[in-house]
């Protein structure tokens, strides 16, 4: 099935059940937060796995994150087929989400962005590494998805399951993967954690670039420190989430 | 005819017909969007070819883009003579638009800006090149207009048809041309595409500078990838356009 | 006592007396100002010593600085035990404040931030030094707290009195200390001075990085000039404070 | 007379006549515009020569530019004595303005700022030079005031006529002078031109730093081009001025 193939009712996947309004509201907020924080531009997208059905996910129709409302949210199966298309234009790259949900049962939210400070690392030999405790989740091995290895010369978009699966393979068990010449994808166990990771990946990229520009060696986080930070049981993303939400208009 | 010569009614060109209000509204929005996005400062300007008359174009009177309204829009022939001047002050550099419309029948919108991240590339030997898929339209050959080759030592403004034609010759068939020590000009088949190009030229310049600062070689877009991206039939600039418009006040 | 141990009424410290509403209002404003100025992100915190009791301090419950109100402010003893916890979540790192108030009788306000331009200096061998008169308070010796020297491999948080005392020892008599891979802490004799220092530490870091990037030697402030500036009797922080307050919403 | 000496009615200079309300309104707007444009922070100040008395000037009492109103504007003689002090706190550095008005009969407006991108050039051996036509007024010789040459080790403030005259001597006939470790001063024949210069000095500094960071030689403006630009008779600062004013609240 190609990108926007009309959805034949007889082949549309069944719904995983009614959407939890609070979960949808958080998904809408996540889109607007990431736009407000400069992580998402006019492009990029955010999804959550259906809280009640592991083989379904929610993703907006094709609209800029800053203007998305609850009415835009669509349900998809993990092959990225829409449950109830209603003629709406879909993100060409929804396969990023479906294929990662297939490969990663631990992941329940996905952010794909063109987050600006991160893009230079995707086209550089310099490795993106955690420079401060807030981005310890980057660990020591940020993979970089090179689509030429997957499908030769393309327009760089994740247009189908093959591309999406290739990205998921590169992502492996990591929290974030670069996408050369394109952007990045962040994943996590819930939407708040994933939004946090998307924001602090951008922050880390910016700060690492500034540290490089100072000249001299950089004292990166030790792997053991990263593990202790990511192993915390008292991490509290609700603190910034409350503030990020306070800055956006809730539609 | 020099820059602001009083317009003798007997020599004023005839109108190409009534302006399509939707086209004028989009032109006003384009001005305000580009100011909001930091591409246009107090200077710079945006035009569209008259939808109903290929030998006419619309351009505001001399006002900062951020404050332009539909009442400011004037109609010009391709020699940049105003159809109905009404004593209004005109952009000295309107010849950028007229001469490009003459040279490029495929172009229906023009943006001239002092877009900040781009200016350094115009005075450097470092070539501006597409670093991510969103700026693939830059291709591999961004020309740089050197006005000294056209008219020796000047105040750098495109003051007449000779300057404008020189700029158009340098632009050639490209989507964007640098203007050394001045700014740049972006062109496209419609206003939405051209606004997109103006914004993502600025984005690319910023990201390429950041990639250079990381040190090490940069993995630029391959020409074939750029061609596949620019050859897309499903490109969708309305997605960011909707969001960019949502941020501005519609006068 | 570990981080969030329930507060047994029989062991809760006594209050130092009613809070001066004007002092609390300034503390709330300081939080919001520093968020507005980009010094505090979703994290970081600000405290003042109790104006009427040198062995007590005021600090918000665990909330992002941008959204803090007077009702969030809690009172603590210098061991960072809450006077009246009311089940509220406390900042894990409140020990930064308590231990500095113990070690520094001259200090009456403390700001802990992840101020972005400063973090790169904390992981670099390049020394942060005053580059302009506004940041002369940095003097010539900005210490850098390395938590590994204090407690080996950790998650970098100041979780207890041992960590806080280690940070206070590193701070010594300085106005600011870097915290490697984490952020920084600024101190001062009152909240307005401390907010000023937090803001101009960030400014200095940004400007010093830009000066380094220009290439060539930097003409830093002479120690004697720094002493003359910090010894001024007519310094006037109310001028920017009034402007900073005018930008925030007073809850 | 030292900085804030009480003003004895018998020695207060006479007024140069009533203030032109339009001129005062433009002075207030200039303060707020420069704060909005990031040229003025909590500090810095803007003055105009009295339109009706060449030996008087107008300058606000000591307040942050962003919050200044017409009621804050005070009148001074060129020795920087206030005409009618009313117990108001004055800028310590008002001598910047008085002494420049003495030395430069052609100057009718002065801006002193800590404009951030410019400060690094004041502490570097790299010369600030015009990189684009908008900053041609910088010409080829931007002087740098070193206060140690004037008065040895100080707190860097222009506290008296000796300092102010030293700064004016360094400024010479230029449009802008750097002040090492402090900021800069811009001058011009009217407030709109001077605000334009203050803004585009900051822009040029930012762009030149970016051009340097690209690596490779920079193609600066030729002196002849700068002369042709500064010699224009059709320069039009009202265009950006209208837009800058549209962004601020008029008190």
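Descriptive notes on the structure:
Residue numbering begins at 1 within each chain, and the chains themselves are lettered A, B, C and D in the order written.
The rule is short, and it goes like this: contacts are C-beta pairs under 8 Å (C-beta built on N, C-alpha and C of every residue); 3 or more make two chains touch, one makes a residue touch a chain.
Predicted, not measured: the structure shown is a model, and the values here were computed from it.
Path length between chain B and chain D in the chain contact graph, taken as the least number of steps between touching chains: 1.
Shared residue numbers account for under half of those found at the interface formed by chain C and chain D, and the copies are therefore classed as meeting with different residues.
The centroid of the Cα atoms in chain A and the matching centroid in chain C are 34 Å apart. Computed from the mean C-alpha positions, the centre of chain B lies at a distance of 48 Å from the centre of chain C.
Shared contact sites, meaning residues of chain D that touch two or more other chains, fall at 213. Judged by the touch criterion defined above, the protein chains form a single closed ring in which each chain touches exactly two others. Chain pairs that touch one another, listed by label: A-B, A-C, B-D, C-D. Interface of chain D with chain B (complex): residues 131-134, 136, 203, 206-207, 210-211, 213-222, 224-225, 228-229, 231-232, 234, 236, 239-244, 246-247. By the touch criterion given at the top, residues 3-4, 35, 41-43, 62-67, 89, 92, 114, 116-117, 119-121, 123-126, 153-157, 180-183, 209, 212-213 of chain A touch chain B in their complex.
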